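Two complexes come next, and they have one chain in common, subunit A, joined by subunit B in the first and subunit C in the second.
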Partner chain A sequence: MNETYYFIEYFKQSPPIIQVAWIFSAVFSVFIIPLIIYLNYLRWHLRKNEIVVAKYQAEYEQALVHYLYSGNEEEEISSEQQLIIDKLKKCILTPFKRKIVISTLLKLKNEISGEVAQSIEKLYCQSGLIDYTLPKLTSKKWYTLAKGIRELRQFQVKEAHDQVAKHINHPRRQVRKEMQLYMVNLFYFEGLDFLNVLKTPLSEWDQIQLLEVLQRFDNQKIPNITSWLNSSNDSVVVFVLKLAKIYNQFEQKEVLIDMLNHKNKDIVVEVISVLCHLEVFEAKEVLKNTFEQRTQEEQIAIFKLMENLYEINDEPFLLDYIYHENFEIKVSALKILKSINSYKFNFLKSSSSESEFLQIAHFIENN
Partner chain B sequence: MDKSTEIILISIIHYLFFVYTIAAIGSYIILAFISAIETKEYMRKNSFVNYKEILASTISPSISIIAPAYNESLNIVENVRSLLSSYYVNYDVIIVNDGSTDNSLEQLIEAYDLIPVEYLINEQILTKPLRNGVFKSTNPAFEKLIVVDKENGGKADALNLGLNISTHKYVACIDVDCLLLEESLQKMIKPFLEATDAKVIAAGGVIRISNSCLVKGGKLHDVNFPSKWLEKGQILEYLRAFLLGRMAWSRLNGLLVISGAFGLFDKKIAIKVGGYDTKTVGEDMEIVVRMRGYMEEQNIKYKVAYIPDPLCWTEAPDNYKTFISQRNRWTRGTIETLRRHRKIGFNPKYNSLGLLSYPYWFFFERMAPIIEVAGIIYFGILIALNHIRWDYSLAFILLAYLFTVLFSIVAIITEELTYHQYKKKGTGKHLVMIAFLEPFVNHPFILYAAIRGNIDYYFNKNKKWGAMTRKGMNKA
Partner chain C sequence: MSDAKKIVLAEDNSILLLLLKFQLEKEGYKLLIAVNGKEAVDLIEAHNPDLILTDIMMPFISGLEVISHVRNKLNLKTPIIVFSSAGQEEMVLKAFDLGATDFMSKPLSPNELVIRIKKLFR
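Entry: the complex of A and B
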């Protein structure tokens, strides 16, 4: 009792900074002990969880494989299959097991294709898993919503189209991305209709993913892209330019030439790259005439185009740029010159004394 | 000096130390909270990413991995194999042999069937000249590999030559002895491709310590916890720095440093600012500060991103001599960078860079060891003058110690909740133990190295990089 009294008195008589130091030390001590206990529990729990998940996964995988190969032609669902569906229905009542069932279904779906994969998609609906997913589409939490859309895409649930489409301009980019992937995965090129109303930017990451999905389909006939090329959303324009390049949209050449005057210079660089790929010679004259008014990025892109589309009458234009201050332009100009007039190239090489020029010329000569 | 003046003076000193301690603790607590928010957000966002889709894409942007090497013959063949095993499609590996005096180049030539080739280099940054030239492999399996042999000019000079050689849009600057995980490039490039409202100029990744880990065919096979206290202490230190510190600075867009061991840069901006500074030993921090300063001056919205996934594993010093030399260099690098860019500090023209990041680094990184040593000296003076109040001293020491332990345990818990890399039974006990012992096992040496770094910076200007003796990773 006296000791407690002594400590209280000591504390009261200490200067404020010492009081604060003691208070903080006591608080930290109080936190440290439970945190160590929690850390021990956490490590134990993580280890145990891994074992339990592996056990359930093996069990469900066995049941699902059995389901896939126990069907018959007479009935839509055989009695054996019905037993497995009933078992799954019970399992998915708890979120923990539901998560494992879904991951097992996805694992199997990724390993197989064709009719068997479709059976898994059917099972997803028959087992009632879809009933847990659809309400997620109205969730206010972005990650719940995004998870819901992703699951519907993974199990090819086309019926949710209208509910998913509502989220085209969702403020969270993860939700928008899942919506876009849902549309393109399930409705192929028709799914790209969201581009008509997309107000937010489509990042390069999103664009690459969408293009990768589109290239997987058998039907590679793409819709008319003219309206998207004129979109007020610049990221949509950049994305569609990539489409034009991959799908060789030569019929868009007039629109593309008009776009050389686009206000966004990054788009102009992309347009030049597409025109180069499509080998639109008409574009070259337009670009040569406006060369001096363009940014350096555009000028470099023009020379890349010319490397692909050069003609003998380009020589006077090229001679103006073989001593250009930009390394890439200089290299391109000399490369093309060597191809169209090797005599002139050799003459320039022998008459020059500039070391960088000679280095470039020497390299071009040998490669 | 009369008695009352002496008392007032002592009180002022006490309050200054106290305010600094509370400010440091407060800033760490705030950063830890911000880190928790950012980590949760990152994990959620990342759960929606399918890296497999991007890695196979031929339209993904191109990256050059630049790895300078100086006398790395012990591991060079294995390390290059690791760099060549990335899952990313559009990339090449540029090994810059920076005037090695060992047989690194010969080993590479033999292992990868290299032959000299003619190569056109756009010398946008001035570097030391080539020695034996540029080499490429005759084996199509190693077509992504470019080896450049140049005269010795230091790490920064070698990286600059890599920047000149690279023809790609992005460059990943790494230490050649680092072990990159296969999906590292996809994860690092993501912030650059995702950004729509600000330009990402650089991205840094987490560095993990590979001492005692098992490596098979250039890949990390098994994560083990090392046995030496020094190595254990460094693991804990890295966990704290990367999971609780940099994660928060990433959210605040205030990262000043990207570890030289692994960072991805927008090549155009890196070249525009003149590449790496060859006159500093802290070139990794210096280039980031310079790039940020440039973006602020140009008034361009930008971001320095940070990826918390354990993507890069590196060998840490396993003896005190190397450890002190490394930390000495880090200290000199910090001082050099902060001094060189002092116009940024406390300057509202540089926004949060000048008003938040720079002041934080100045007060809590640059000044911390000096203030700590000043405190120890002051403590000694008080003992000598018999002015010491042992109960007061105990209160201060306990406060600092318990906070360090608490912070370390929070870092360990964060690691368990996120990446859970140290899975083996018993490791948890070791981690907790090192949380209690690290202030005695590592910290005094860090403090000593920092003070030596200050002395060397001001009085031994010729001191450059210390040597790092490599043991090599455990190979299966």
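Entry: the complex of A and C
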């Protein structure tokens, strides 16, 4: 009692700053001590959980390897394999163990190809794991849906095509991305059919991912892309233009030339770039005739195309632009002129007194 | 069994390690397994294996450091097969510069690995 009384007296007689410090210390103690206890409990719980997960994982890894090597050629499923399947069926009844089984299968599936990978895909269906995934495709939660589609892709479940295809225009980008990857990974170029009905934009990242997947396949036979080039979804057109470039779709040259009048000017610039890559000389004449009506970005793209597809009869056209106000057009025109007619180029250089013109001419000569 | 070829297998993916061990033991090889580069180096120094299989990315010591140690410190000519993942092309080139014998990219086929090993021992 005396100590308490002494402390209260000491507190009352202390300067205000000391009193504030004591109050803060008391408040912090009230918060920090339970927090430390909680964090310790959390750490203990997580470690315990890790140990349990590691134990089950080791058990399932053994079971999986045993399954993979206990098959025989006479039976589709050997008796030993059936025992493992039955054991897994029991394990996956609880979501905690199911998650560990799936992660174990994926841990090996991602590192292995060939027959072993196919056996893992078979086990995914035989163990009934697929029956827990398919209902996810009707979930209202977007993340459950996206996870479901991803799992079906990872285990190559082609049978879910129609159910997955329903989500082509899902409002969530993540779901759409998973749907697109499912289609392309499992059905290759045929999987691109979703482009026919895609109303939402295909982001640059989505396009990169799809192209990366497509280039991995041995069969590089691309379907007819004409309808996609005429799509009302501009992002689809941009993506298909990339396909046209990568897969050298020279047979699309008429469609591409028609697209030079596309209402989206960014697409026109892309089309010019594809035509340049495919070396479509007919496009050059069309572009030269409509040069003045085009935007500056398009004009620069036209000169880039001409750098690749120049001919001697382009000289009169080029001479009109060697003093153009745009630097890139001017450099491009002079560069092509030097290649077509070096005599004319040297004449222009010696007769010019403009310092900028001379600088450009020197730059072209030295590069 | 005393004539069985000794293979050091260094891989940090426990289930892949288990699977390859199972497959290669079935083929009659004696497997010494390591879950990281450090264990691999210890096993190589202690057992002088006939072949080394190593992943590139591993904890503590990478596959590249394992190759460098074998070739430059231990001066061994033991064949080394490297496992690489997609996007590790530059690492594979470095592995060859350091003295790797062959490489296999993941996802890898265990059957193909067996064929390559048999070819190396021929």
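Please note the rule applied: the second predicted complex is superposed on the first by the 296 of 367 C-alpha atoms of A that agree within 3 Å, B and C clash if a C-alpha of one lies under 4 Å from a C-alpha of the other, contacts with A are read in each partner's own complex, and residues count from 1 in each chain.
In this section, a contact is a pair of C-beta atoms (placed from the backbone, for glycine too) under 8 Å apart; a residue touches a chain by one contact, two chains touch by 3 or more.
Predicted model, so just to flag it, every value in this text is computed and none were measured.
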Discussion item. Under the stated touch criterion, which partner chain does A:Phe96 make contact with: subunit B (first), subunit C (second), both, or neither?
Written reply: neither
Discussion item. So in the superposed three-chain picture, is A:Phe347 touching just subunit B, just subunit C, both, or none of them (first/second/both/neither)?
Written reply: neither
Practice prompt. Using the touch criterion from the header, give the chain among subunit B and subunit C with more contacted residues in subunit A.
Written response: B
Worksheet item: Where does A:Ser113 make contact in the superposed view: on subunit B (first), on subunit C (second), on both, or on neither?
Response: second
Worksheet item: Between subunit B (first) and subunit C (second), which does A:Tyr41 come into contact with in this model arrangement: first, second, both, or neither?
Response: neither
Discussion item. Output check: A:Ile18 vs subunit B and subunit C. Expected answer is one of first, second, both, neither. What do you get?
Written reply: first
Response to the item:
Touching subunit C in the complex, subunit A uses residues 57-58, 61-62, 64-65, 68-69, 104, 107-117
Worksheet item: Across the complex, what residues on subunit C touch subunit A?
Response: 13-16, 18-19, 22-23, 26, 106-112
Worksheet item: Touching subunit A in the complex: which residues of subunit B?
Response: 14-15, 18, 22, 25, 44-45, 47-48, 50, 53-54, 56-57, 59-61, 118-120, 122, 124, 190, 192-197, 391-392, 395-396, 398-399, 402-403, 405-406, 409-410, 412-413, 416-417, 420, 423, 425, 428, 432
Fill in: Complex contacts: residues of subunit A adjacent to subunit B
10, 14-15, 17-18, 20-22, 24-25, 28-29, 31-32, 35-36, 38-40, 42-43, 46-47, 143, 146-147, 150, 173-174, 177-178, 201, 203-206, 208-209, 211-213, 235, 242, 246, 327-328, 331, 359-360, 363, 366-367
